[in-house]
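Each structure below appears as structure tokens.
Here come two complexes built around chain A, the first alongside chain B, the second alongside chain C.
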Partner chain A sequence: MKPAPFDYLAVDDLAGATAALADGAKPMGGNQSLGPMLNLRLARPAALVDLSLVPELRTVEESAEWVRLGAAITHAEIEDGEVPDPTGGWLRAAAANIAYRAVRNRGTLGGSLAHADPAADWVIVMTGLCATALLAGPSGTRRVPLEDFLTGPFATGLRDGEILTAVEIPRPGAGARWGYWKYMRQVGEFAKASAAVLVDRERGRLRCTVGALGRQPLVLAEPEALLAAEVTPREALAQALPGRSPADLALHATALARALAEAGIGDAA
Partner chain B sequence: MREVELRLNGQTVARPAEARTHLADFLREEHLLTGTHLGCEQGVCGACTLFLDGRPVRACIILAAACDGAEVRTVEGFGDDPLMGRLREAFKRHHGLQCGYCTPGMLATAYDIVRRLPDADAARIRRELSGNLCRCTGYAGIVAAIEDVLSHDPPAAQVVPLPRRRRFRPGAAERSAAAAPAAARPAAVSGDLPAFESYAGPRELADGVALNRSVLVQAPLATVWKVVRNPPSVVACIPGASLAGPPQGEALAGQCAVSLGPMSAAFRGTAAMRLEEAERRGRVVGAGRDGLSRSTLEGTLDFALEPEGDATRLKLSLVYRLKGPLAQFGRPALVEEVADRILAQTVAALAGRATGRAGAQAVPQKLAGFSLAWSVLRGLLRRVFWRG
Partner chain C sequence: MKRGAGPTAKGVGARLERREDARYLLGRGRYVGDIRLPGMLEIAFVRSPLAHARLCRLDKPAEGGDRVFAAADLVGVAGIRADSGLPGFRSSVQPILAEAKVRHVGEPIAACLAETRALAEDLAERVELDLEELPAVHDMLRARDPEAPLLHEHWDENAFLETAVDRGFEAAIRDAAVVVKRSYRTARQCMAPLEGRGCLAVWDRHLELLTLHSATQMPHIVRTGLAECLGLDHGQVRVVAPDVGGGFGYKGILLAEEVCAAFLAMKLDRPIRWLEDRREHLIAGANCREHAYEVTGYAAADGELLAVDCQAIVDSGAYSSYPFSACLEAAQVGSILPGPYKMRGYRCRTWSVATNKPPILPFRGVARTGVCFAMELTMDALARELGMTPEAIRLRNLVAPAEMPFTNITNKDFDSGDYPEALRRVVEAIDVQGVRARQAAQSGGSRIGVGFAVFCEQGAHGTSVYHGWGIPMVPGFEQATARLTPDGGLELRVGVHSHGQSLETTLAQIVYEEIGIDPAKVKLVHGDTAYTPYSTGTWGSRCIVMAGGAVAAASATLGERIRRIAAHLMQADPDDVTLADGMARAGSSEIPLAEVARTWYRAPQLLPDDVDPRGLEATEGYKTVRDTGTFSYAAHAVVVSVDLDLGDVKLLDYVIVEDAGTMINPMVVDGQVHGGAVQGIGTALFEEMPFDAAGQPLASTLADYHLPVAADIPAIRILHMETPSPLSRFGQKGIGESGAIGPPAAIANAVNDALAPLGVEMTEVPLTPERILRALARAREVAA
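For the complex of A and B:
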């Protein structure tokens, strides 16, 4: 129950973090997911570089179009409204339901996304909100939409030495609606099923996203048909996820139906 | 070892800490403050909850080294705190504790609830307490105690959140927004794979997870069979798998490295392979163990070939069972997804070999998200005993 030995590196800035990664250190955010794995020796890194206080990752930027939250902003800061929420409360509500308060006080937005646990809240919420990951690495910076950033269970498009520095969340247009629903066996656990629905006609963003699938979130190809109730959530999922068991489909379809209902569309299944 | 300085319960103290030492151990063993209890040591039970810079945190999943310069308040540091005094009294009066193991963490969380959520009702209190486990009281007394304190004009909290360290550094906002637009999409492994159809394969290992994959290989049956019946060539097609040496008669020994995010395991074991030459099918049965994570993997891999015109259909059916901490952390749906991707990679690599395309290079060498599944499969194959 004690971690295998490793080096701990505290760095002053992003350049220091990049240099540490180049030397083979693994990045660490709030350590809330990694910590248990370290204690159980399921993860045995040689060195960890602590990104949680790196100043560049703790910044917030705003424009008329978006808000960029630094990767080291904690869930609790979002929950408490200490940082701007461009969605007028959707981010705050999602943050408030992540694990437990003691975890939210340490866990970070970027750490959660880079860890890419398929059942994690930000993984589906940020994909569902059409957010963009901002990355910095040895060969410069780049932008990757969340749905491309997340490539599989615990897998992202981060290249060697690259760091997720911030998440850019677009401001929804007037009248935009949102629904996010997740099912957990008990409060604070990882979701067994989750879904998010964004209907933002002014900005032309319609998105139905399904999470906790064991893989990266599924962005349904034809949200319009779902929103117009031309197909049921169950039909849409059966088509997008062939080979899933009926019980599995029913669970995720229920999540999707409830997210649609939260967004004010259709009736909850 | 590095010197870690804390403002601990109002006193400035410094002691050396190893990088791997978590805050709870540091407090208990270096500062002899054993009021912080350790239950699960994996961030689940909440017994180690204490205040770091005025916010409740779990001390078992915070490195002591990461707390250098921080303000720490443990259960021992609330002697004169009127709000904590009120909570202690209420816990006593409402039977909010029995054995006392969870109590330091419960008190920390209760303090945070009263301070942060003055209007909390019983349902909200229960939700906020969901991260703290108590095996004695059934929680009723704890909830009643907190409700009692909340409804009787609680004194102001003296422990309050401190400003975050190094926040919003001026001038740090020049990060270029307009870097290259979404460069080349990172190679999504699923995108690199041919489409497979599922087929209902045999199921052996009771309570194991069954996965099936099939692919049409553009090569004659005999050619594909030659690849599939040869253990070293099969192992070479499994990501992360390697043989410990040449097959010893019918037995194979080897290992399979698997990683699941930051978790990694190397399953070592043996396996046996049985071929039915006439039917063009076979079965590999194996088991392996990763000593460091104390996890075991066992499984059965059935394979069968069927001619389809000039081509050959290759069907793989995997049943596996993963036990131990790795399974506990992997969660079934996640492990299954990883295993399925490994199976898909394997089938693709086998097809590549049989058709002479790509040869041994058909399998990507490093698959970030798939290592766990890989490990599983590798473990399986490494344990392969061939009993021709």
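For the complex of A and C:
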């Protein structure tokens, strides 16, 4: 379990990283997902460019409306409150339950989102919070809502040579409620089922998101019906994913029910 | 009074802090992986990607091919043979590197050498294999089918051994009021010491000596096996076990990889190291536990257990491993299934079948974990059938204290104890009444249940038990050497190895108990065949009984010689001399042991004329009064909560009442029980190495192979009983494996207690959410 030979490139800035990508290097964040694949020789890049120390990706910006966390901010930095949490603790709580501390010490927000594991925490949490991905590439910068950025299992809308630089998380309004629930058999595992519920009436953001479905997060089209208990989580999922059997969706329906309960939405089971 | 009893206690019974803790907790141990020698090369093995195939050709790469070694290069090396003398045993040889055929995924085919493991893996990638795939035997229940392909083509069926025992079975079942029949399964597991296997072989030209540094728990046995495979005199082989990061049985086995590394070190005259990585460990190494049972229990209307009938299959994998063989597990099933219970009749047939999987190896508890699962679930099934409580049916049938010593239906000699009292105490401690009240009031999406397991553990059993199995290793007398050093300290040499058993502490406590030398001044020398007496090593919960007894005997002999010299120096009668706290005392006189030692080593002119010329070094051998084994025993009780939506099992409370006889150090006993129980919880809830129909292992990383983690484990409460064994030196009983035996049975019984009202009865471990949800769905279908 030793990687095949590869070149490791450390760069001074974002421009250097962009140039390395143009030369064919693959991007590497905290290396917590890529590392095992390298060791198993399932990933065999000729060169890796290390984004985790790129200064532009380590920045934090704040406004009255949002906080932008650089893509190379680690899960541990969010967990420990070393960067601002616009949600008043929801991000910190989510970060604290990602894998285990050794992974959180190195794993990065941007690395997790760009890797786009369907069961990863930030993939569902950031989608559930209506966050936006900020991208920079050879032809400039652009903004993409997370639900559009994530296009499939382990797939994103990143174009050739483009780098995820930051995530913009909107500040919730007064009285906003949030529920995030995931099922892991054991601490440290990826979720087998997960769901996030955001009820932010002041800002007009209602969102029920379901993760760990083997695809990009599912954003339910009609959250109001769920919040009003006009449909059950089971029914909502069956409607949204008609191709899947009820048995396959049972755990996810449970996750959604429990996320609703965490958000204080009645007895939604 | 025992020295252990006082406030400054350091002897038998003392809760002495572990002497080895500082080294381990500060990361200052030295493991095989910490040893680097000049000129050392690392091995990466080319391993079989297929479960069953003919090896038609192997092409070494043009560049670096001289660093690649295949079977044909191992000139003069014999494969590993571990035959049993039991009648009907089918013999096989485990090749060091596969020759004509591969028989499981991960079997070593070629050894590739380079300065680093990474470079060796690069080289291994360039070795090309031409394999002709054969149908694989992956299902132990069908391994003996006539149409199954044969692993070992000189056999007539895929079975190492079949055993049968019948003790008055037919006569016993005539009065049966109830009969329950169940099928049970325990999954194939991979025992997972923190440190994997590993070895470093060095050929010393000056001494003409091969030294194998190995992560082993049985260095002398490895030496014997290695010498036989390599055709060397034993005097040319030295095995050194440095710090070893857990063994659990895996590290009792002679590995083909070790033989290969040793051969290459001699051939190339360079140090050769192999460090198992976790992938090798999971796919090719530490397989264990896979049993299937058909059990029928017969009981009278009053709950008396009349008889048990069993057919058991153990998936022994492809080869018979050295030294325990492929039949230890199944043969043990036949002899220990009755557990701690009385019964009138018993019948059991077992098969050790061969499949295209890695050899099954003994793991802490060996067959007892599966046996306890099968027996204790049967007891609960009978109780439900009879309308009795689980505790009542057990109390009805457990061997009673007045019957001790008791010879059970398979001629196991239970030495002592009060089994019913252990159960009564655990029933009280777990608060069964409270659980029943909570059950009556529960609603919503989860259910709680309580479950029990009672068992006894034969430990430190010796010659009379093992010689009948005819395996390559039969334990006899255990020896220890005690040497008073010139400064009055004590050097203690034992052939067992301590890798978590805390022997550096507990054996020193025994020295203190015998001759009063402070444990801090006792140096344990172990894990080196050059320095220690021959021993079968650390296995079978034997160390504290056997090595402890030997240390006591050697200390006593040494003490006698110390007293004679001290008496002369004090001008006292030797019979008046007592040894305590590092001093020899007679009346009002006293001298330090250092003075006695100084006299022997450095001022022999002061010795008496009739001094014992053997001096201040004594080797003594020891056996228990009867070598049929000490029987520790335990009652486990657990309260679980089952989430009906998730199928998830949470452990709410866990109590263990156990009897280790006289405890040399109660903290160490607790540690053994805790560690074992966590592994048992792994068996119960998490650990499973599945294989597909092609014989491919499906859990090749720790992301797929689930070990119990801290968050899964409740605060386990341990309550002690202390019935001294009449067989051992201080009354101590082997307890090393005990904790790992009970959890699967207790937890499954608790889950069944929780789910029985919903029509669910689980009979297979691990109790994964998937299995529980499937069973719940099936029960709903039946009810609908």
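Assume the second predicted complex is superposed on the first by the 268 of 269 C-alpha atoms of A that agree within 3 Å, B and C clash if a C-alpha of one lies under 4 Å from a C-alpha of the other, contacts with A are read in each partner's own complex, and residues count from 1 in each chain.
One rule holds for everything that comes next: a contact is a pair of C-beta atoms (placed from the backbone, for glycine too) under 8 Å apart; a residue touches a chain by one contact, two chains touch by 3 or more.
Values in this document were obtained by computation on a predicted structure and should not be read as measured data.
Superposition model on chain A: chain B and chain C are shown in a clashing arrangement.
When both complexes are overlaid on chain A, the residue A:K2 reaches chain B and chain C alike. Contact with both chain B and chain C is seen for A:P36 once the two complexes are overlaid on the shared chain.
When the shared chain is aligned, chain B comes close enough to touch A:A155, but chain C does not. Once the two complexes are laid over each other on the shared chain, residue contacts for A:Q186 go to chain B and to chain C alike. When the shared chain is aligned, no partner comes close enough to touch A:Q239: not chain B, not chain C.
Touch criterion met: A:A250 reaches chain C, while chain B stays clear of it.
Between chain B and chain C, B touches the greater number of residues of chain A. Under the contact criterion defined above, the residues of chain A that touch both chain B in one complex and chain C in the other are 1-5, 36, 40-41, 186-188.
Taken together, the chain A residues at the contact with chain B in this complex read 1-8, 10, 26, 31-45, 48, 50, 52-53, 55-56, 58-61, 68, 76-77, 99-103, 105-106, 115-119, 132, 134, 136, 140-145, 148-149, 151-157, 159, 165-166, 168, 186-188, 190, 212-215, 242-243. Contacts from chain B toward chain A in the complex involve residues 2, 18-20, 22, 25, 41-44, 46, 49, 52, 55-58, 60-63, 65-66, 68, 109, 112, 116, 127-128, 130-131, 164-169, 172-173, 175-177, 179-183, 185-190, 198, 260-265, 292-293, 325-326, 329, 331, 333-334, 336-338, 341, 367-370, 372. In the complex of the two chains, the chain A residues touching chain C come out as 1-5, 36, 40-41, 183, 185-189, 247, 250-251, 254, 269. Of all residues in chain C, those touching chain A in their complex are 116-118, 121-122, 125, 277-279, 445, 645-646, 648, 686, 701, 703, 706, 708-712, 768-769, 773, 777.
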